[in-house]
Amino acid sequence: MSALGVAVIGYSFMGKAHSNAWRNVRAFYPQVSEVRQQVLVGRDAAAVAEAGAHYGWAETATDWAAVIERSDIDIVDICTPGHLHAEIALAALAAGKHVIVEKPLANSVADAERLVAAAAEAAERGVRSMVGFNYRCVPALALARRIIAEGRIGRVRQVRAAYLQDWLADAEAPMTWRLRREAAGSGVLGDLGSHVVDQLRHLLGEPVVAASGQLRTFVPERLGPEGPEPVTVDDACWATLETASGVVASVEVSRMATGRKNGLTLEVYGEHGALAFDLERLNELQVLEGAGSPDAGMRRVVVTEPTHPWLEAWWPPGHVLGWDHTFTTQAADFLTAVEHATSPRPSFADGLAVQRVLEAIETSAADGGRQVQVVQGPATEQATEPATEQAQED
Amino acid sequence: MSALGVAVIGYSFMGKAHSNAWRNVRAFYPQVSEVRQQVLVGRDAAAVAEAGAHYGWAETATDWAAVIERSDIDIVDICTPGHLHAEIALAALAAGKHVIVEKPLANSVADAERLVAAAAEAAERGVRSMVGFNYRCVPALALARRIIAEGRIGRVRQVRAAYLQDWLADAEAPMTWRLRREAAGSGVLGDLGSHVVDQLRHLLGEPVVAASGQLRTFVPERLGPEGPEPVTVDDACWATLETASGVVASVEVSRMATGRKNGLTLEVYGEHGALAFDLERLNELQVLEGAGSPDAGMRRVVVTEPTHPWLEAWWPPGHVLGWDHTFTTQAADFLTAVEHATSPRPSFADGLAVQRVLEAIETSAADGGRQVQVVQGPATEQATEPATEQAQED
Amino acid sequence: MSALGVAVIGYSFMGKAHSNAWRNVRAFYPQVSEVRQQVLVGRDAAAVAEAGAHYGWAETATDWAAVIERSDIDIVDICTPGHLHAEIALAALAAGKHVIVEKPLANSVADAERLVAAAAEAAERGVRSMVGFNYRCVPALALARRIIAEGRIGRVRQVRAAYLQDWLADAEAPMTWRLRREAAGSGVLGDLGSHVVDQLRHLLGEPVVAASGQLRTFVPERLGPEGPEPVTVDDACWATLETASGVVASVEVSRMATGRKNGLTLEVYGEHGALAFDLERLNELQVLEGAGSPDAGMRRVVVTEPTHPWLEAWWPPGHVLGWDHTFTTQAADFLTAVEHATSPRPSFADGLAVQRVLEAIETSAADGGRQVQVVQGPATEQATEPATEQAQED
Amino acid sequence: MSALGVAVIGYSFMGKAHSNAWRNVRAFYPQVSEVRQQVLVGRDAAAVAEAGAHYGWAETATDWAAVIERSDIDIVDICTPGHLHAEIALAALAAGKHVIVEKPLANSVADAERLVAAAAEAAERGVRSMVGFNYRCVPALALARRIIAEGRIGRVRQVRAAYLQDWLADAEAPMTWRLRREAAGSGVLGDLGSHVVDQLRHLLGEPVVAASGQLRTFVPERLGPEGPEPVTVDDACWATLETASGVVASVEVSRMATGRKNGLTLEVYGEHGALAFDLERLNELQVLEGAGSPDAGMRRVVVTEPTHPWLEAWWPPGHVLGWDHTFTTQAADFLTAVEHATSPRPSFADGLAVQRVLEAIETSAADGGRQVQVVQGPATEQATEPATEQAQED
């Protein structure tokens, strides 16, 4: 049985999205290894059984530890809440399984550091690991990265980034575990801020070295199952980041930005051009090149041409992709790395680097916003092309 | 073996899109019958075998006639070029198989009429049929239809519709079978015009009764495999249509509209409001209600809320869908109709009605653009809600 | 007294806009001749006196015929309703005054022909005349014309044009003289259609040679001062026009397009690029050049750079202009032509050419939409650059 | 001679804009006092004479001190560079003239305080003063303020503000006095940041109480008349501000944001709705009301209806205004206050309050971005409606 056996741990929102990726990956990326959707794992046996049947899994199970040990499982894909990431991932790496961990890598820098160490050790045994910052697989953002790397907008000076949602704008919205520090680690900072920080690092191809920030909880108390309960995480966060080469990036993330549903927006200003992106218009990139020339302007590129990242795998020009397709591409990237025995990106080290920036923002916020230096990791910062893209380019 | 066995005939662009739908339909619409991706059919044995392996099919075959007769096949889904639709569909209906035919239903009114008759006869035997105007399954367009039906923009007066692409804008682009009348039937009129006409009928819930039109071939000759060859179909078409209640709709379709990749745009003007849509921004609908009130304006609705058509089946707010998801929903609609023994829409009669409007446009164009009455079909014009939506609303 | 004396006939909407132009023309175009705002003319002595005081006029009067004869009046600017244009303009030309007539030139082709003849005769005496299609002075549209003329989007094939307003969308809106054929000549066709036709001719630099069209009155009766009264003009019009070189232009104009306030929109599709414009965003032009190259797309040009038409006269980049500034530029164009003894454009012949296209549309509409040839005028069709622009370029 | 005599000091960019306002104010606001454009003042006699002739001034002069003393001058309008504001304004107030000072009020808090004291003393003598934050007179922003004040978006929580230009994006752009601290006081912070801070205070109707900030000079040296010269002011600035009620506003201002010409953008997020504005689309406001209701979304309000602020004075719906019209409205506001003996807004106290926020941002930036409390002024913070708007509403 040559197909790679996959187990996904978790079957709710992220489990559904990752299942979708494994079910479809070879229809669009036929060059990758064959995979078997072997086991979907969850705590509620009946619920996971139902989900498994619909999502195309051969089996379901409730005991992740047992599944990890199975010889017919080659890949463990962890879609649980963040506080379980470390334990499961460490066990899976120890068992010699390739591992994908949904973002954020962990709830703390300490956990992330342990994971990086374990991943490095496992890599020596040929075991691969990846953290699931799926927005690296948005074609428009990959195109943005390519345009920056090719110097087409010149040296970047400023980035203006935000990730705005509004599901907490209603002050009467009830308490959830996501608003409790002990369970969630942080609020919007870890949830959406981690995506923004990863994109900054990825787009610019360099580390964030300093951060100042502010946090705010606009609704300090919400109704829980047993009455009013304090909200112990941030509803919104503002940060000013600086990269190694001196780019300044402003970051604003919020769950209270009324009317914004999934508004990851990025504006990149370079010496000779600029880029702009909005996740709610996932298939578009605004591009300005040749600033200063007559009739310059931001042009709306519909990122669906065969020359655009990954698009040859999908549909003809103008036939737009959706949010979930990013996970399919991410799975293809991972499988390509596994097959070619290369290190998939974003790596656990990338996940740790993000975590350290988030920690610096929190430290700064606790000190009135004064700028803080960000601890730098080992020399793995240099971002590389996604594996599938490299293959395409060969 | 209780799962419904499916055969798809054709494995290129549309075959890939329909395969995707069958592979994913139960992951998002778990309430529908279980399906088996049994056979993918194509003329080139090696190529179809490769496609079948990637797209999740149990088998592949080259002889559609034999496949249609198999007892383990319940559904025949026809994705071939248009001139083969009639023969295959008639055979499949005769064999008692439920049938989906990609749009347009046929290349001629005569063929479409034969198909409607056969479908009506088959329906009495409990056999279902559907034509694949997948844009009925775009959530934003289904929302548009709902808003109109609820009277929220008042009686509609004008519609401004276009479907603009640019893949023939380059005069050096080579000859293809799509530009030969004998193979393609017509040019952009049948290809993109059919989508526009179906949407008009569907959005407004009433038939088109009169049409005037003009056709144009901008590049009359292109380079074929054996030298320059005349282009015998239209590159662009303009029409003014009138519906039963007196709505006037302007229609413009083109394959020469430089810069437009998949630009199906619709503007609907009613007594009290208006709607606007652009397929390149598939997840958005512009809505104006309460015209005349202070501070009225077109608002951008991101059509990803659980209350929006089909969205509960997919992802949380702001997590946008892509073009291919419409086929998944279409498959769910069809399966729901099969299971509940109802008549799926769009029906073959819908396909015929569209064909008659296209024919009227061609007749008018041949007479200098003078308005022509459109032949009306049997009393099946009254559009109904998609099956999955009805189920949701119950 | 060397300054040119100006009389404006009419003091309501257009009289206010033209007064504004004369008051400001030398502040922005100091190179033009000095002008005196001498007389504002209207029928209601008290009302015109009040308007004249506010709008900067030295005097007001009620008898236009007497004003025209005054030796201190050099320029007569006619802002009355259309049915008075011919009589006043003919008298003014006979009196040797330079004449500007607000668009449309006249309510009938016959009147327009008489005006063209008189203007030609007057031109031999050094008397200048112009028709006020002010949108030729929108910088973004002048830039569009320049881009087309320079071949930057290649040979034009299709134009998609509309002028949509909604002030009649409310079926309860009362009767006005604009809805009576005897007073207004036509409905939206003459009012807004004339602007669209003039722009087509101007942008493309060639005549319209054939037209087919349809007219519609959606609300056939409205409440007048003495009870319900029939509406005897068109509420909306659709036309397909063809130019000398074979460009096909679709045109849609309406006063019932709910939500559109002043929606003159133009899309121009050429072999290698495209343009798009919306009057509600008067300072922007969408431009696509280099179609087919990687990452092509429509770019949003903010038309406020000093290199853009007329902008050097106004404000720094990004400081946007308004609708009324077009009249100021138009006045400067006219004064420049007067001073340099050149023929200002748009000429009365331009006005006549527009009128003939409108007439062809009406003729076609009366014949079920069949295409009609447009009568061509004398060889004055070749459009030229605006006078101020020529001066700038020298 | 009853008309109010006006002197404008300065005849370049701002002098041209203010001249335009005085020339046109009564054409659109006929209810205000009659004004005489008496003297335009500048240092270069020939240049100011030429400008004065074009801009409609009766006389020109070079000695502002003498002009201020003239008995036929009632209003002194100061359009000089910032470092001259205080001296001229103090003299004019002492001479009993009503005074308008272009923004920013002064280059230092100390100067601004002296001006506030002088204005308060002058007010007791019936002498009026105003600072020219003309964007308060943008109709869309005035509508935004009205919507917030009426509670239509609920309590505001977050504001995301930016003012982005790109005229320094080119690193080869030469040195100017604006980049020397001794002349300009600060860089983009004072120039564009002052507009943003004034708008925040005005929109929200409450003071800014705390600020943290960062400054950056991206191009530290530029070519001056005598060789390379250090740039001693900021090219870009980032700040996080907090208002009295707890609103958090992020602010980003830059002269290096490639592609942004005059990009003052504001997003306001409230409990029940949101607003968005872009100065490059001056006539539009994006409005979300009723968040949480089905099909909610940001709607594009074209702010040209007669019910919108000041629009009744201008043109019919959809006939858009330009940047310069804001100065005309500002002049009308000032004249209305003078006539009605009320205190015009924005007052010198408003100008001082802005200056204190800018100072706090600089202080914070010098301390690594740590949050700083903003000194509060006397109890004049409560913003009022513009005078012309009050008049309209009566």
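Order of writing sets the labels: A, B, C and D. Residues in every chain begin at 1.
By definition in this document, contacts are C-beta pairs under 8 Å (C-beta built on N, C-alpha and C of every residue); 3 or more make two chains touch, one makes a residue touch a chain.
From a predicted model like this one, the values you see are computed outputs, not experimental measurements.
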So which chains count as neighbours of both subunit C and subunit D?
A, B
Far-end chain from subunit C, centres as C-alpha averages
A
With chain centres taken as the means of their Cα atoms, state the distance from subunit A to subunit D in Å.
42
Gap in Å, rounded to a whole number, between the CA centres of subunit C and subunit A
55
Intercentroid distance (Cα basis), subunit B paired with subunit A, Å
35
At least two other chains touched by the same residue of subunit D: list those residues.
260, 288, 296-298, 302
Can you list the subunit B residues touching subunit C in their complex?
153, 157-158, 160, 162, 166, 169-171, 212, 214, 216, 218, 236, 238, 240, 248, 250, 252, 254, 256-260, 267, 269-274, 288, 291-292, 296-298, 364, 367-371
Please give the residue numbers of subunit A that touch subunit C in the complex, ascending.
143, 147, 287-288, 294-302, 305, 307
Sites on subunit B touched by subunit A in the complex:
13, 16-17, 19-20, 23-24, 26-27, 30, 50, 53-56, 165, 167, 260-263, 279-283, 302, 304, 315-325
